[in-house]
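Look at the two complexes coming up: chain A is in both, with chain B in one and chain C in the other.
Let's turn to the complex of A and B:
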């Protein structure tokens, strides 16, 4: 007979991982954030001062960078939702074989690695790139379009491109789980296809939409590589700054304070978002019993 | 298809509601519904009865508009249904698994069809209340489907389907997910509701007791075709074919030859258990092969009957179901006393009630 575990015992591995991988590093960050740096001796001093936190709140650059990350993430998530939703819902209508093909096509870009994709976009969007060259050849422009590369446009185009699959997958699965008889029932009761969409499909896909928005928000708001390699002067992020402070500047205390601030802000937005989501009947129904 | 005389006079009066001609549905080359001709009268309770896969649900789905026939026509209220989408048919459906909207309350579910038509809120509330009253669910308006029992969900599904006052209500095995007691309750309620509303119900089931309990007309189907269409009593007492006799009431079917008798009066059939005289069947005459059908209630023990050996005895609660062998034929009958296996008894067949049917 297989050994029987108590429910509490089963929680031990995950508790250990959580403690070691999450709680402990966070506690370390919290401790570092009240230290100071002695630049002469090149050491960390356990000063237990609020100096870094005062900086965090008074120097507008931190608030600006964190705000920029939040807006960037939220914008990408909203755009991905608008573009991804129709793709996801139309995938549910495909025959089974084409659903498989569809999911492979959707995921293939993710296998190529972020750096490869970013440089590929440089090739496409650069001054001598594919788009500018084509437009020039067609005679549509005489000078290359500068905004295509190293601009907020580039950053968000690529953030969108990189993260769209996660949005589509999340919505697709949630749309796929809707009992088709609910749509039939709606039609039977007088709903045109458009009514059935707004009254049945949309409410019952809110969980998928939420998971998608949540994932894309987190990935896009936390992406350092794409903005710094494609955003040009607009590419500054709190993550790049943390990287700088920890590495080059040897200001671990300030980096710790910035890391914690970023985390808290993102958590607040995420929590608020889940709170809003749970107010929808559709989401509540699905979380309670599934979409049937 | 065989049309036996109808013994339900209350449905012969009203006019024609729905008529199907040559209705056919094919799935990957297989004719699931095979050229059905059928007329459904107004205000009647019509039941499609048959084993699973006989095409009964497909017919219902074609009437509702979820499936497009490959051939044939459906005419409702004198208008062709061809090309009419489900939302524009004056027909509503009670689904097998109810298909209640999980994100809407009972009120929201029942009001669904009215809210699509932009009615005033006062009007909607009053009509929802009336519909819920009709199914005894008035106090459950605020609940969500998952907070209801199966029987309650079924009632809500009915209320949701009748609120728009359809000309025809389709019910696809609506009671099959419920326990036997609840099924009995709801059968009575459904029949009562149908009489009060005066709406034609078309019901699909594989349960013959349910079909008999509810219907004015029973349409027995097999392999995509109608085998017999008649009142329940006729279907039970005079099955048109051996399939119907076997499917309904579990008759023992014994092959034989008609040796005497014409279209009317008694006919004699010679079988392994001897020559039995039964009422004649139209179209069968001397020399034809046929089946003698004997139900458990047609057999009793008697001193001067057929010599039979008891094979199995099954306790059924009120009585015992006994299987006895006569010349390699197994006859079943109900007994008040627990007979023992191997015992020899005399069996008498009630020749007025046993019947002859065609071989399918």
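Let's turn to the complex of A and C:
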């Protein structure tokens, strides 16, 4: 006799993984954040002190680092949406074979590993790199363009490149699900292509856009390697500080407070962006259809 | 049965232990002599050829487990996730926290005859003792962190002030590491080398001011030594506070130089230690191993292949002048200007300053 599972029971394994892998560590961070460090015995003392949280709110360096992560994440997400949207929508018009080729081309860079990509960017953007050497050879410059590497420009260019596939894939899947008859009906009723785009395609792809924004924002705001290795002296991130505090400084309580603050701020912003996008009628229409 | 040699239980235990040793590799057999010791160390300290002579002498295999960072080593011991490590590698500067945490076995120095031959600076260091003077670690390998530079781009040998000189804007790099970078700024601000790691608030503020002024002069902060080597190789950087690696890797391709600033030379030194939980049987092998690390075979291999010196002058006179120079033992005055970077108790404050500099 085959056992019959209730739909809710199927969620038990996932719930357990979430509890173990997410809720429990977060609860631990919350507890650690009110501890103190006894540097004589090298242990954490349950002191129930608010000292680390006071620092979080009073020392501007923490607000600066978290703010920088938010701006970096949001900037990358907006740019990825602007650049990724047309790519994703054009992919829906490709023959099936070319769709496969397109998605492989899109994802191939992700298979090379972050460190390889970072050093490849150095080869391209460096003072003696591909771009500077070409411009010099063409006589366009006499001195290398130093801003190409080790600047905020580099960080954001590479964050955009690394995260663009996640935006394109999310929007592409959303765009593929649109019932083409809706567009045909609109055109039959006299809508110009631009009207069909703004009244049908854009609204119905907002769920994909929202997923893309959420993903790219989180990945870009939380990246440590790209800013550290390509951002030059502007590469400070809250992640690097958390790493240092947990490591050499053995200040787990302050590191926990910073980690939680970063998490809360990023979640608030990400939820805000996605919330705004999902308020559009198109998104609601897609979800209602899905629910039915 | 007791007098006739093996009982059935002994045989079964032997088979079980043998099977376990076969399956798990690192586990020692229950009754037999120690077959293998796991040495957690840096890849540069523990090439297989460095320990081959020890393995031949004792019949004990040294299994190398390479460390990713000192913090990771400490955390692994502290949280008990490193139960297969038999011998470990705390730094001289970081030993105190392992000792304070009770993670290390107290050492009986009479079992390490070669320790008597060590350079005084290492033999007498209090950094490997606890408050009551008991010894828990033995320094065995050391080196300097020099300024590495391109000889073709600098007329004279650089010192720490060069790293703050606007004339070299865009060619300089500092390590993205609060401890050393703030200490260097302290030296430039005039703090004596024995005080830089215990700087007072006013001196820290001076150092911070210098580092903020330095920031626009830097091409970047380097993260790993591979990263810095790449920066030198690609012409991005021509002078940096460094480790010696970029010099060694690039000296045949580029005119590389190494400078030992007079204001104070950052030294590094690795120690041998054993976890407090190690069995007596394995400890005995551990003693033999540290004696080997302080002996001539290891010293010769590590000097000729790795360009590093052990803490003992045991082979110094057998090396050529060039070989001595390469491992900084040609002029022993170097030991008078050593500085040992030690994370101060208020290191969180240093980290905040460093992040304020980077956020400025």
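By our rule, the second predicted complex is superposed on the first by the 284 of 292 C-alpha atoms of A that agree within 3 Å, B and C clash if a C-alpha of one lies under 4 Å from a C-alpha of the other, contacts with A are read in each partner's own complex, and residues count from 1 in each chain.
Note that a contact is a pair of C-beta atoms (placed from the backbone, for glycine too) under 8 Å apart; a residue touches a chain by one contact, two chains touch by 3 or more.
Here the structure is a predicted model, which means the values were calculated and not measured.
Asks: Will chain C clash with chain B on chain A after the two structures are superposed, or do they fit?
Replies: After superposition on chain A, which the two structures share, chain B sits beside chain C with no clash.
Asks: Between chain B (first) and chain C (second), which does A:182 come into contact with in this model arrangement: first, second, both, or neither?
Replies: After superposition on chain A, A:182 lies in contact with chain B alone.
Asks: Considering only touches as defined above, state whether A:247 meets chain B (first), chain C (second), both or neither.
Replies: The answer is second: A:247 touches chain C but not chain B.
Asks: Of the partners chain B and chain C, which touch A:191 in the superposed model: first, second, both, neither?
Replies: First partner only.
Asks: Can you tell me whether chain B or chain C touches more residues on chain A?
Replies: C
Asks: If we overlay the two complexes on their shared chain A, which of chain B and chain C does A:288 touch? Say first, second, both or neither.
Replies: Only chain B is touched by A:288; chain C is not.
Asks: Quick one: is A:203 in contact with chain B, with chain C, with both, or with neither? Answer first, second, both or neither.
Replies: first
Asks: Taking the superposition as given, does A:109 touch the first partner, chain B, the second, chain C, both, or neither?
Replies: Neither partner.
Asks: Taking the C-alpha centre of chain A as the vertex, compute the angle to the C-alpha centres of chain B and chain C, in steps of 10 degrees.
Replies: Taking the centre of chain A as apex, the angle works out to 150 degrees.
Asks: Answer with first, second, both or neither: which of chain B and chain C does A:75 touch in the superposed model?
Replies: neither
Asks: Shortest C-alpha to C-alpha distance from chain B to chain C once the two structures are superposed, in angstrom?
Replies: 46
Asks: Which of the residues in chain C come into contact with chain A in the complex?
Replies: Residue list for chain C touching chain A: 69-72, 75, 78, 97, 100-101, 170, 176, 178-179, 215-216, 218-221, 223, 227, 230, 234-236, 343, 345, 347-348, 350-352, 355-356, 358-359.
Asks: In the complex of these two chains, what residues of chain A are touching chain C?
Replies: It is residues 39-43, 59, 61, 64-65, 68, 119, 122-123, 126-129, 146, 149-150, 228-229, 232-233, 235-236, 240-241, 244-251, 254 of chain A that touch chain C.
Asks: Can you check the complex and tell me which residues of chain A touch chain B?
Replies: For chain A paired with chain B, touching residues are 179, 181-182, 184-192, 195, 199-200, 203-204, 281-282, 284-286, 288-292.
Asks: Over in the complex, which chain B residues touch chain A? Could you list them?
Replies: 64-66, 85-87, 91-93, 95, 97, 99-104, 112-113, 116-117, 144, 146, 160-161, 164
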